[in-house]
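Could you have a look at this structure, given as structure tokens, before my questions?
Think of it as A, B and C in the order they're written, each chain with its own count starting at 1.
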Amino acid sequence: MAFLEAKKVSKFFGALAAVSEIDFTLEKGEILGMIGPNGSGKTTLFNVIVGVYPPDRGKILFSGKDISGKKPHKICHLGITKTSQIVQPFTSMTVLENVMIGGMFGKGLTLSKAKEKAKEFIDFVGLSKYLDEPSGKITVASRRRLELARALATEPEIILLDENMAGLTPWEIDEVLELLRKVNKDMGITLFVVEHVMRAVMGISERIIVLNYGEKIAEGSPEEVAKDPAVIEAYLGEKYA
Amino acid sequence: MLLLLQTVVNGVLLGGIYAAYSAGFSLIFGVMGIINIAHGELVMLGAFSTYWMFTLFKIDPFISLPISLVLLFGIGYLLQKFIFNRVVEAPSIMSYIATFGVHLIIANLALLLWTADFRSITTSYSGIHLNLGGVIIPYARLVTFFLAFVVIIGLYIFLYKTDTGRAIQATAQDKEVARLMGVNVYRIYAITFAIGAAITGIAGSLISTYFIIYPQMGLPYTIIAFCVVVLGGMGYIPGALWGGLILGVVESLTATYLSAGLSVAITFILLFFMLIFRPAGIVGKGIIE
Amino acid sequence: MEKKIFSKRNITLFFLILAIILILPLFVHGYLLRMLALIFMWIGLTACWNIIAGYTGYIDFGSVGYFGIGSYVTAILMTKAKMAFLPSLVFSGIISASFAIPIGIPTLRLRGAYFGIATLAFAEAMKQVVLELDRVAHINFFGGSHGITLPIGPGNEFFYYVMFTLMFMVMAVTLWIERSRFGYSLKAIHEAENTAELVGVNTLFAKTTAYTISAFFLGMFGATEAYWVTYITPNDVFNIHVTIQMVIMTLLGGMGTVMGPIVGGSFLTIISEILWARFIYTYMILLGIIILIVIIFMPKGIVGTIRGLVIKKKVT
């Protein structure tokens, strides 16, 4: 039994199928990558998994249990959370308070316990010096780390990372990759990564699925995917032609 | 049967006028995201300009339409330029409350100047009507109904066929892109508000020909405009027509078969359920945040 | 963010003010006492509005609906069931709150302007139903536009204490929200509702709870006001201007703060008391101008603006 499994999941916006009959499996402890051109349905698929939209067709199973149609906070309590492509910190709150929200509501900790835990996660992502800084005032790179810390604070089993490295310098990307490897190996959290930075996603993922026009067109190891003619045409073709 | 027919006809005629004064509300919301609580005051100003023109100078209400159009265009332009443009980028609560401030100022200035008296206009043609096999249609209302249509169609053509209209649409869709293309967004906002105010002023003038007018009439009109626009779809101009007609007929039916007082309650219950089940309006083309 | 609200000095100050307020009716009577009770009521109402609108950012244009429900529940219980005031008061709160749950669950799914309009529609529909039901159903229950006359109540001292107690309770709840887990969930909703949901906040539950707490107190204020003025009509107790006053007072004081309603509420009540009776239209015009000035020049309200000035001074 797969840890997280999608069975023929579809999501329509009007007549347009943003995600169409997608199947995938995610095994416990792995890092799965997802790539695809803009508008290929990656973010929509993530939103369907965490319950922002219920799937119009198909099912999502988590440890064998059907979670499709549950609200995001329920899915978070079950152990799946997501970081967003567009960073959305609670801007008037401090970095500490932002991460505390994750602990208090994702994990159900008391205020003081959440504060204690939050400090550990902030330390882990390397933002300790900004602890009491309003989150609206830190750099984009720091906000991306903050999103990760807040997600970690919910103590999830799976984190979906939606372009967590967008807008970062190559040097910053290496740091984040190192961090993500630690999250995966040391904390034992399963990762599902959407990333535009090819080098990053190819480097970190054990397996990759490729989406185009809402459909899955390829799946395999990074090397296999990179050689797949359909992928080259749909994705790399567009990107490097 | 005749009663039912008469009721529906009354509703449709009423709906036309609802549509006319709600179109401006929808336009202003669609372009700037402002819920204009002072909208009813624009209706009131239109109505009073026609009233004074008629009472003081014996100018026929239908002749004075262009005057209230120009007057309200000017007022609208100034309001947006000096007040709403300063809050249009702030969180939307700020603009609601600013429009509320304007509502208080205009309504109470009017009370100071013109007293709270109820007024009406009686023209030589006020009483005459068309009799279609027992169904009675007053001419003034019929003409008003068609003018209301003309106003909405005119607005539609303006938005789709003129350069200014296209600039307004571009601004409504993405103001940053519009800015990059060289559109002066604040000026477009002022023009949009001015146009919204002008067509609302015309509707107010038309209303003065058969409804009682008074300085505090604004708020109920604002609330009805809310309802009409929600029914038709917020920010979708032709939706005002749908919303107006539906609301007009529903109110008319309630007044005939239940109680005139309950028609307002029914309106709000309708509005309440619309918002919950079809927030994009009857035709489903409204803007949902 | 360790705000020392419960420092020794603050606690002493708090008990001093409390003592003064409690013994004041021994020295102050008549008009001034009535005025103070009125200020307590408006601070309390504003704080109620602040709980839903200030903390979650959901701008409620229908708050007066719950005020009116509370008024009518007490009026009906006291006249028809001959119930005493205090139990009627509690019933008013409970019934208002029990309206808020079924109204809140569907409307709080709506965002932005849509929530405001839906709540406005709710309050206006309530008013129309109370106004028209008797005539349509041929009963004598709400008294239509003539309203209900309540039994004559005790003097101003009584209402002074009741209004103060209610205000004190709302402020205490606000202070608790400010510092609690629940308050964090409301603030998270205000800042970024989708993200709040993703990190585990049951947003609908939190919003509905805040809305219901607000309605509970609004209902009790409505009940007290009804007994105080002894005569209520739908046009008075469901008057949209009551909601609007709450909005303006909150805005004047500063949204989403504990102090905001106190500052905004007392400031505006005093101004309105000075101007209202003699120059009502001028007062309303002035109110409009104040609103525009606050919105354009000090959007954070009086409290926020002063706080901003103090911080600036400390930095330089």
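By definition in this document, a residue touches a chain if its C-beta (ideal position, glycine included) is under 8 Å from a C-beta of that chain, and two chains touch if they have at least 3 such contacts.
Here the structure is a predicted model, which means the values were calculated and not measured.
Look at the CA centroids: the one farthest from the centroid of chain B belongs to A.
Put simply, the chain closest to the centre of the protein, by Cα centroids, is C.
Averaged C-alpha coordinates give centres for chain A and chain B that are 47 Å from one another.
Per-chain CA centroids place chain B at a distance of 32 Å from chain C. Averaging Cα coordinates per chain places chain A and chain C 42 Å apart. In the complex of the two chains, the chain C residues touching chain B come out as 53, 57, 59, 106-107, 109-114, 116-118, 120-122, 124-125, 128-129, 131-132, 135-136, 240, 244, 247-248, 251, 281-282, 284-285, 287-292, 295-296, 299. Touching chain C in their complex are the following residues of chain B: 29, 33, 35, 83, 86-87, 90, 92-94, 96-98, 100-105, 107-109, 111-112, 219, 223, 226-227, 230, 234, 258-259, 261-262, 264-265, 268-269, 271-272, 275-276, 279, 288-289.
Here chain C touches chain A in the complex through residues 1, 180-181, 184-185, 187-188, 191-192, 194-204, going by the rule given at the top. In the complex of the two chains, the chain A residues touching chain C come out as 50, 52, 71-73, 76-77, 81-82, 84, 88-94, 96-97, 100-102, 104-108, 110-111, 132, 150-151, 153-154.
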